[in-house]
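Two complexes are shown next, each including chain A; its partner changes from chain B in the first to chain C in the second.
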Partner chain A sequence: MSELILGSRMMQLIIALILVSTFLILGSTRLYSCVRAFGIQSFLLACVAGIVAFSTGKFDIYIVALLTLVIKAALIPYIFIYIIREIKVKREVELYVSVPSSIMIGGVLVVISYYLIRSINIMSELSSLSLSASMSLVSIGLFIMISRKKAIMQMLGILIMENGLFLGAISLTYGMPLLVELGIFFDVLIGVLIMGILVFRINRTFESIDTDMLKTLIG
Partner chain B sequence: MLTQIMLAIFQILIIIALAPLLSGIIKKVKAFFQIRKGPSIFQPYYDIAKLLRKDSVVSENVSWIFYASPLVSFAAILTAGLLIPIFISDIPFGFAGDLIAVVYLFALARFFTALASLDAGSSFGGMGGSREMFVASLVEPAMMLSIFAVAVYAGSTNLGSISQTVSNLGIDAMSPSYLLAFVAFFIIAIAETGRIPVDNPATHLELTMIHEAMILEYSGKQLAIVELAAMMKLLLVFSLLASIFFPWGMDAAGIPAALGIYLIKIAILGVAMAVVETSTAKWRLFRLPELMSISLMLSFLALISFIIVKGG
Partner chain C sequence: MIEYMLFSPILTSFLCFLTKTRRQVEIVSLSGSIATLVLGLALVADVYRNGMVVAWQNALFADAFGAFIVLVVSIVGFVASIYSMGYMGHELEHEIIDLVRLRMYYVLFHIFMFTMLLVGVTNNLGLWIAIEMTTLVSALLMILYSRKSSVEAAWKYMIICTVGITFALFGTILTYYGAVKILGENGDALNWTSLAAVADQLDPTIMKLAFIFILIGYGTKAGLAPMHTWLPDAHSEAPTPVSALLSGVLLNCAMYGIIRFYSIATKSTGAAFSSNLLIIFGLLSLGIAVPFIILQEDYKRLLAYSSVEHMGIVALGLGFGGVFGVFGAILHMFNHAMTKSLMFFGAGNILLKHETKEIDRVSGLVKSMPATGTMFVIGGLAITGSPPFSIFISEFTILAAGFSQGYIIPAVLFLLFIIMIFAGFFYHVSRIAFGSPGTGITAGEVSRWTLCSMAILLVFVLLLGFYIPPQFYDMIMKVVEVVR
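For the complex of A and B:
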């Protein structure tokens, strides 16, 4: 039992760190540092999965943790860096909302998710924290998709949303069946590849990956 | 009663004696990372001793503020030193003020330094003063909020009892709110002491300096006091960090043991600060609101997650 309590303490800390890494993505103005922060976030997510696997003793969650580590923390950031390097895009994140105000909006989103989660009647400390963190990740990911101009940041936003859902699933239900998880990982990987190809096409057609340009007609 | 007073005097002496050493250590570690030999860690002592032997050159246009400001800042920072638990948590002057007093004693020192920078009428001084106030207006709310997050956690604003509560909790103190407040306060510590992403303590390049621009008019003995006050502030902010967030070992048996643990903690923090300083470049002045809003938001999240976990 004491192991479980220690595990839940560590999980609370790691979930707090996941929130910090999300704010790093909101606060940085360089594409590379956004990708790096996303890598850190996924690594922390793999740690959460590892702790869940350790405290429940289920073998298939170890596989999930390992897959998170390999695919989300290593492979996907690598694909991002490859895309940024290949299309020789300017390394700044272009924003519709300035950095200080997007950080403020991020904070407001966290508060809103906390309040929404409070109305659900779950009484454990850990589950309320992890559920509200997961919901804030989803909403901040959506906000990043709305407020950033570059197509790459929109990919990153949807991956943050996916990370949020994964966090909620793994910490509340202690993991879905392995087959489902495998399917999700495969979908995410293929999704990133397809979005990467799409970014290449957008770049070739518009000579920029600024999504503002998509409104202009090209004949 | 007598031992309490002795203890307070001892604490003051420790602060004055250790402050230059900490700056020396940070400079040495930075030099190590830049593959330089670097000055000896005792160099700040020699500098201050040299400055104390020299006469001050003062512009004839200055008012009394210029003379008073180094003394007021020095006294304010030293008073703050009495309210912060340095190596024992049961500080003799704990009744006299809490963390709000500490924050505003720092603000008083900064206010007088900025006034003095305007007093001599040099353009660099005014520029430095205006920048310092710009940074201060961003730092102060974030600093208050991050210490408040810990204060809510410990149920008191008295720094001594905060560190007692936290050290009694032991490993249980490691909660999300605590961690977030720590990250927030570390950013604040960088800004408050004018280290690299915010201000470069080693530069005299007119475009970038903040603190150095303010004290440009000082020389001789006054400069020695100003420099020593800045070093003491660095030491005190580190002590605040250590006593709020890592208070373990403060109530170790006997003062020598507690002092030894304190020295180790401060040295580790100094090395960490040197690593941060070498691995980042100085930020543009107008990007600083980004850094400070991250810190503000982290301390805000710390408060929120405290409420969530406790189910308030």
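For the complex of A and C:
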């Protein structure tokens, strides 16, 4: 059953596109294009949820797909753009790791995730493709968090990780129970808002949102 | 019952938002926290008599362990709200914060209480949601002061804990995946009650993976080394009553998450796997705390590292296992909550008086503030595990469990570490407490409210060292039954 849904051509295409959108984030040096790529990624995730909902005929998953579309693909990118516009930062992603090496590392992470999922071999009945994509998203999200200077990019990194987990959950178990799923959406949204407040506060106190500045508390 | 208890802090928070003056907001906050305490204790009594309480179609529930968390949260929360009146009032009088900030503080304080109570009474792995909410609210409490260091601490706290908790979510998804195979796809597959019943049938490979992710995820929030890096920053930069809640209660809430999964995972994977992991993380936390405590220059960070140490001890107790190990761990959670809050309150009084967090610039506390000084020294003795105080009992139980379960090397290391920590910690406490007060420091206490809250906590610290009331003993034994 699950092979039918997750292994279908359509799914494979969308999952590949999700990976492409992640590499768009890795490869771009402008904040706006990162946010746009994140929006596309979330939209594709909503499509995945939509397809799963359509093939299983479960009403709950339709709601989840709709929420993904509204919250992650529209609202959160909008909040990001609002923050970028309001704090008037230089609209470049400042990097610790250059773009070519970032993409190389991203590629390596995808390969590692793929082999890890193969080797664990506990999810044999499910498409290992979507699970390894989910693992890749989590690891690339982490990599983005540590390799970019701007506080906004750390927020984005967390959200990419969260997207990865969402993909994992939907391919493992068709998502969590609705109540839990709603709670997670709520937390993600509030989390983004509060991180936004923190970014404003960082900008006001340090007159920059480079996390380089945040290095005084040690020992 | 549970709904009323959860509703009380929400209502209080809303009412605080409507108040106009300092007096009003303090009265509302205090009466609200008394209500929360009474309802919390009533819930605990109910669970103690009837075993388990459920509400809202099984979405909320409290067994002995949940009730234990509610007990700790409501006691420390109540005391912290008394302390807040003295502490935040002093900040207001000295114009460090204005009335708007003060009101904001109380609003967030009670929402924070709500999220922590929610952790204790959620009947499913949706516990994750409650724990993430505690992070969100407490990060806002941390940036109450717009100091550079608080903003930095709040950002680190937010980022590190959110990433950590994302791993915990993955662990939760895996557990759900394991449970769905047996229980079928419905909301029940995430409930503690149904999970505990089928725990031994869960696929061990999945549960091993899940437990690792849960331990790393909630371990980040519980301050287990090496994921503890946010903890000293956050706990030292938050307003002091919040530091007490973060250290005393929130760490326990995260630990609660680990222990819940531990009790499910052990039934599936066998005890050795999860025990060994807990012992490794526990010893690592103790070991990392040692140099940072000995060489510490900031007394609030000193207390924060001591929290890392104590969470390590709880993890060790759990890892040693057996009735005594688990009993010691649970008792230690309670004792640590009381003693560490007492210490933070003491530190808060010192901070108000001396306006510095450096240990070098504070001395003669016993002379300048006799009551705070005395309680701070007693707290210092208690927190380092010297007899006859409460923490000695729980540490000793855990140590005994270690030897009797055959974990000789970890137990010896544990002993070694706590001796070193005792020496380092008490050296700093004595530098603060004794000697003559610095120039320009007038004698006298800061506020009666702060002393009153410290005295309440001191009762627990002293009493549980000499005598554990049979009802309390029964309660902890019931928790142990739930865990094992």
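Here, the second predicted complex is superposed on the first by the 203 of 219 C-alpha atoms of A that agree within 3 Å, B and C clash if a C-alpha of one lies under 4 Å from a C-alpha of the other, contacts with A are read in each partner's own complex, and residues count from 1 in each chain.
Please note the rule applied: contacts are C-beta pairs under 8 Å (C-beta built on N, C-alpha and C of every residue); 3 or more make two chains touch, one makes a residue touch a chain.
The structure presented is a predicted model; accordingly, all values stated were derived computationally and were not measured.
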Chain B versus chain C, judged by how many residues of chain A each one touches: C
Partner chain(s) touched by A:27 [first = chain B, second = chain C, both, neither]: first
Partner chain(s) touched by A:41 [first = chain B, second = chain C, both, neither]: neither
Touching partner for A:110 - first (chain B), second (chain C), both, neither: first
Which superposed partner A:129 touches (first chain B, second chain C, both, neither): first
Partner chain(s) touched by A:55 [first = chain B, second = chain C, both, neither]: neither
Partner chain in contact with A:13 - chain B first, chain C second, else both or neither: first
Partner chain(s) touched by A:171 [first = chain B, second = chain C, both, neither]: neither
Partner chain(s) touched by A:202 [first = chain B, second = chain C, both, neither]: second
List of chain B residues in touch with chain A within their complex: 171-172, 174-177, 179-180, 183, 289-290, 293-294, 297-298, 300-301, 304-305, 307-309, 311
Complex interface listing, chain A residues touching chain B: 9, 12-13, 15-17, 19-20, 23-24, 27, 29, 99-100, 103-104, 106-107, 110-111, 114, 118, 123, 125, 128-129, 132
Chain C partner contacts - residues on chain A that touch it in the complex: 120, 122, 138, 142, 145, 151, 154, 158, 161-162, 165, 168-169, 172-174, 176-180, 183-184, 186-187, 190-191, 194-195, 197-198, 201-202, 204-206, 211, 213-214, 216-217, 219
Complex contact set, residues of chain C against chain A: 59, 124-126, 128-129, 132-133, 136, 139-140, 143, 146-149, 151-156, 158-159, 162-163, 166, 169-170, 172-174, 176-177, 180, 185-187, 189-190, 203, 205-206, 209, 232-233, 236-237, 292, 295-297, 301
